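Before anything else, here's the structure in question.
Which chain is which? They are A, B, C and D, in the order written, and residues in each are numbered from 1.
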Amino acid sequence: MAKKSYRQAINEALAQEMRRDPTVIVMGEDNAGGLGAPGEDDAWGGVLGVTKGLMPEFGRERVLDTPISESSFIGAAAGAAATGLRPVAELMFVDFMGVCFDQIFNQAGKFRYMFGGKAVTPLVVRTMYGAGFRAASQHSQCLYPIFTHVPGLKVVLPSSPYEAKGLLIQAIRDDDPVIFLEHKVLYDDEEEVPDEPYTIPFGEANLTREGKDVTIVALGRMVKFANQVADGLETDGISCTVLDPRTTSPLDADSILESVEETGRLVVVDEASPRCNMATDISALVAEQAFGALKAPIRMVAPPHTPVPFAPELEDLYIPSPEKIGAAVREVMEHGA
Amino acid sequence: MAKKSYRQAINEALAQEMRRDPTVIVMGEDNAGGLGAPGEDDAWGGVLGVTKGLMPEFGRERVLDTPISESSFIGAAAGAAATGLRPVAELMFVDFMGVCFDQIFNQAGKFRYMFGGKAVTPLVVRTMYGAGFRAASQHSQCLYPIFTHVPGLKVVLPSSPYEAKGLLIQAIRDDDPVIFLEHKVLYDDEEEVPDEPYTIPFGEANLTREGKDVTIVALGRMVKFANQVADGLETDGISCTVLDPRTTSPLDADSILESVEETGRLVVVDEASPRCNMATDISALVAEQAFGALKAPIRMVAPPHTPVPFAPELEDLYIPSPEKIGAAVREVMEHGA
Amino acid sequence: MLQLNRDDLVQAYIRMRTIREFEERVHTEFAGGAIPGFVHLYAGEEASAVGVCMNLEDKDYIASTHRGHGHCIAKGCDVEAMMKEIYGRREGSCGGKGGSMHIADLSKGMMGANGIVGGGPPLVCGAALSAKTLKTGGVAIAFVGDGGSNQGTTLESYNLANVWNLPAVFVVEDNGYAESTASAWSVGGSQLKRAEAFGMPGREVDGHDFFAVYEAAKEAVDRARAGKGPSLLHVKLNRYYGHFEGDAMTYRADGEVEALRETVDSLAAFRARVTETGLLEGRQLDDIDREVAASIGQAVTAAMSAKAPGEEDLLTDVYVSY
Amino acid sequence: MLQLNRDDLVQAYIRMRTIREFEERVHTEFAGGAIPGFVHLYAGEEASAVGVCMNLEDKDYIASTHRGHGHCIAKGCDVEAMMKEIYGRREGSCGGKGGSMHIADLSKGMMGANGIVGGGPPLVCGAALSAKTLKTGGVAIAFVGDGGSNQGTTLESYNLANVWNLPAVFVVEDNGYAESTASAWSVGGSQLKRAEAFGMPGREVDGHDFFAVYEAAKEAVDRARAGKGPSLLHVKLNRYYGHFEGDAMTYRADGEVEALRETVDSLAAFRARVTETGLLEGRQLDDIDREVAASIGQAVTAAMSAKAPGEEDLLTDVYVSY
């Protein structure tokens, strides 16, 4: 076992699955790169180098570069998935879903239901999300609440390199369409990641920290923040559980409810825009099904209802910070000793 | 004042605004109809006749039929809005947003913010939503939670003919991009609607019924159901407030919170898919900000997490019914006398 | 005559007649209130679906449109199951969950009707990619309407199929209208120039002439199978009914449909051709007509008495694993 | 020489030089770590933006791409405000909220750079529709890259502009690459055939030749103004830098950029042409070079010392009314 970055973990998951199963293919803009160009082949390996090296090993027949035509190539991935391949298609930034959403939510996501349970669509859409790159309003969104809203899709938010590898292998082996969201700020994060392939099941939250006073449910990059905050609060005598749902659809409601039954307090941390987001989804779940256990109002920590700003100073204010998470925890601790 | 249908109310709002303001234009597939065809002009007036009669009065220069190219014509409406017109563009069924969402959420919805407050985009996208027409999975969705999630958009759900006229006139006069969602099952509903133009402000919930035991917040078509249910419960001695938020973005949080402060109980009825929907949004709001007033768990009434089925028997089971709303109210009444 | 033997011709006629009969019956039943939802009929366009699909095998895929019944029948879907689906029955092709606009049978290479105009072409690029990658020797066909030919998803797919050199064929069924809007107005340029613009051959075909469609499709399908890439067919034809059932069709000329039924009936044309050339006998065709009518009648009867899905079906079929 | 008088030529040169200087400076500043985010430079392509925009007035609109600085400058945006925006400052064109990819100035007819490839053409149809409906006499221009020319939104817009007969021009700036992918591979067919396919005239232009671009654009713009509908220009040119700052450009040939800078420098070509024909003097141009360099230097200095937006700006500018 060695330390690997989130980027490497994803790359390794892809390579190992492609070795294992010849029906796994990868496609996306510049996923290899250099097509038709005079210079180096595999010139890019994706815009941030995540798919680098796959093409030299698997060839252009299994690592397909595409024109800038997301509807047609994401749709092609959906059609290929329904007819015998297991495509992993890259939507470079999740912000671009607006030019191809139909193929994801009305086609891939509904085949099985509309066709009476007879279609199998093992499609993975890998996509980059999240703020922190000074990439402004059209390259920094989360948007996973939108995919979570849609029945028929599964939605995965790996929060670390270890999680990324196991969840991506699971996603590729899963027979349903999966939206796999990679936080761009995490690509260089490192941790121990096993060399051999392994899977992490969907719909099982990861208890990243056990505590007794407050349950913090955090998503994606926010898991790291939540654990940092919990470290700090520990010294102040506040003991936090930090749950990482890993997948927002399916959602491990049981683990969340059980934890709140124990702690009686809930803070939900979500980097997505605040309206109809996962923070509201999880809060509502608890307010309906674990109401009796609640000793304090639920607190949601999310960005303001604005697009993501460009200026670093503003973007830093926009993203839910450890400070804001800490303040929310302290607030709920003021209720019901 | 005369009885008018929801369809007529919308048509009248369009006609009156077009008379008042020459910059108001209407566009969409077959909004007049018959273009290039040998038969009657204004042959359709939209697929369900809502825009019928506008073209004969205002001409094809202000009532534009379009090719089936939603990205380009909804985008054109956005571009026209930013450059001097007040377009009302019809996205025939909201289910089709997947082929043009980018122009709505990344372009129109973000112009003002990305351009530092210097753009004004008075765009209205009229669109048909909702189940009940046996129109199956790709013609029956609600999807307003998705638009509500996006900062920069306003989202309107008229629940009756009176509401439709006033809210549409407001939408047209509003300087921000507005998604105006018409429930297809309501088109033939009738009620008294003033002949003269009037506006209903955004972000002000309509208290359609005042009660003391339970607050029911219901959206769109569900407002009617909620009031029916409340009628029935009255005879059993359960007194309900029924709030119609009218707009989900902006949301009249104050009215909802005040009402729950009084009743201590909340049922939210939402026809949209259950994950990250308006029921979760409103529940979470209350669980955070009126927690202390709550005497009972919040109950959400929403369809199951499945696409909309075709078979009438299934679709009827799918749609939140008055029975299910009634059961939810009785359930919350069992808590905290 | 071409590569078609007598059995093929019988098969082609059966399918065309089945489509016609199916649609005429659905029209009647819909008018009588027995069928819920939106229904778009293919009557009048039979020679296109059948002319194309007579070139295909089960391993070949097609993707259809909202006007899908004809394509389904031409590709070999079970007709009784289709009728049950349209009635919303549990034994329908999709368990009653899809209805007219979503009939599919992947085991027959039918990837689904589609409620989204322009939804099919990207999917067909995918099926063609599967065929190419898995070396099945298969091809994939997208049916698109004249209206759908203006959708960005369709146009992008032309390019993708070309740059990926896919075994795909785009069949633009130009029936003159998208809803009430004439293709003469909505289509800038021309379908054939669009084919050329993205680097593929295009051919215009009389969509009422089964033989013409068959032959043009054969050329395109053979080309695709040979690894030479996609093509486009611009099939000109007419629909006998409205855009959907309930359409008053006031945008059409007086007597337009009546005249079409007289002058451009692909079934009548087929019959004339095969009987005049002695390939098949009129009596044989009459027998087919009767048998098809009986089987469609039987399908309607079966559909009417079939069970609707119920509460136990409400939550199923969303995911393979939950 | 054409319709351009000496003042126009001076103006054109100033704009081209401003773009070049702006981009070279941004390149240096970015490398030094002063500029955050994604930055795509237009250096090498100056003659296209300026050749087109010299035909335009404030009432005419353009929509740009992710590679937007050149279009902004050519359309008359304030250069210092642009630089401040790229630095993320409160006094930037967009208050620091947009950054490089979202610079806009509607008062100058600049509808915005765009982070979405293919985002602009639909918007341009709208601006052209405004001009037509409000009878302003204006036209609207969409700049699109070779990569963006494959996006469905772009292709649909070609059709819409044609069937609506809009005063629009589509300028396809083909710099040979979309990121690291060559247009030689990604573009099936050809740009000119695409124009024809949707019913409009198309013309290929040498994008390093200001005069060629100006003249071709003039024809297209005049045609649009005269109510005769849209056109397409296929402008062939090269970018001097990577796709974005930080791109190692390994997909390019060794020495490719160096050679381009030698052989296809639109500024050098302009200078040669106007001095050889005696239209302007070298000294005049040298003066401009110096003045522009000074003003860009000043813009950078101003941007560096300008204030960043703060907490009070976080919630504003989302809606006109709340």
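To be clear about the criterion, contacts are C-beta pairs under 8 Å (C-beta built on N, C-alpha and C of every residue); 3 or more make two chains touch, one makes a residue touch a chain.
Since the model is a prediction, treat every value here as computed from it, not as a measurement.
The chains that touch subunit B as well as subunit D are A, C. Of all chains, the one whose mean C-alpha position sits at the greatest distance from that of subunit B is D. A separation of 39 Å divides the Cα centre of subunit A from that of subunit C. Here the CA centre of subunit A is 36 Å from the CA centre of subunit D. Subunit A and subunit B, compared by their mean Cα positions, are separated by 30 Å.
Averaging C-alpha coordinates per chain places the centre of subunit C 45 Å away from that of subunit D. Under the contact definition stated at the top, the residues of subunit D that touch 2 or more other chains are 94, 96-98, 102, 114-116, 150-153, 156, 159, 163, 185-187, 317-318. Within subunit B, the positions touching two or more other chains are listed as 67, 69, 71-72, 95-96, 98-99, 102-103, 106, 113-114, 136-138, 151-152, 305-307, 309. Contacts between chains leave no pair untouched here, as each chain touches all the others. The touching residues of subunit C, counted against subunit D in their complex, run 150-156, 158-159, 162-163, 185-190, 193-194, 196-200.
Partner subunit B is touched in their complex by these residues of subunit A: 71, 95-106, 109-110, 113-114, 136-138, 145-146, 148-152, 248-249, 251, 272-273, 275-281, 283-289, 291-292, 294, 296-300, 305-307, 309.
Within the complex formed with subunit A, the residues of subunit C that make contact are 61, 63, 92-98, 102, 104-107, 111-112, 114-116, 119, 121-127, 129-131, 133-134, 136, 140, 152-153, 156-157, 159-160, 163-164, 316-322. Residues 29-30, 33-40, 43-44, 47, 65, 67-72, 95-96, 98-99, 133-139, 304-307, 309-314, 317-318 of subunit A touch subunit D in their complex. If you check the complex, the residues on subunit B that touch subunit D are 23, 25, 61-62, 64, 66-67, 69, 71-85, 87, 102-103, 106-107, 111-120, 151-152, 154, 174-176, 203, 250.
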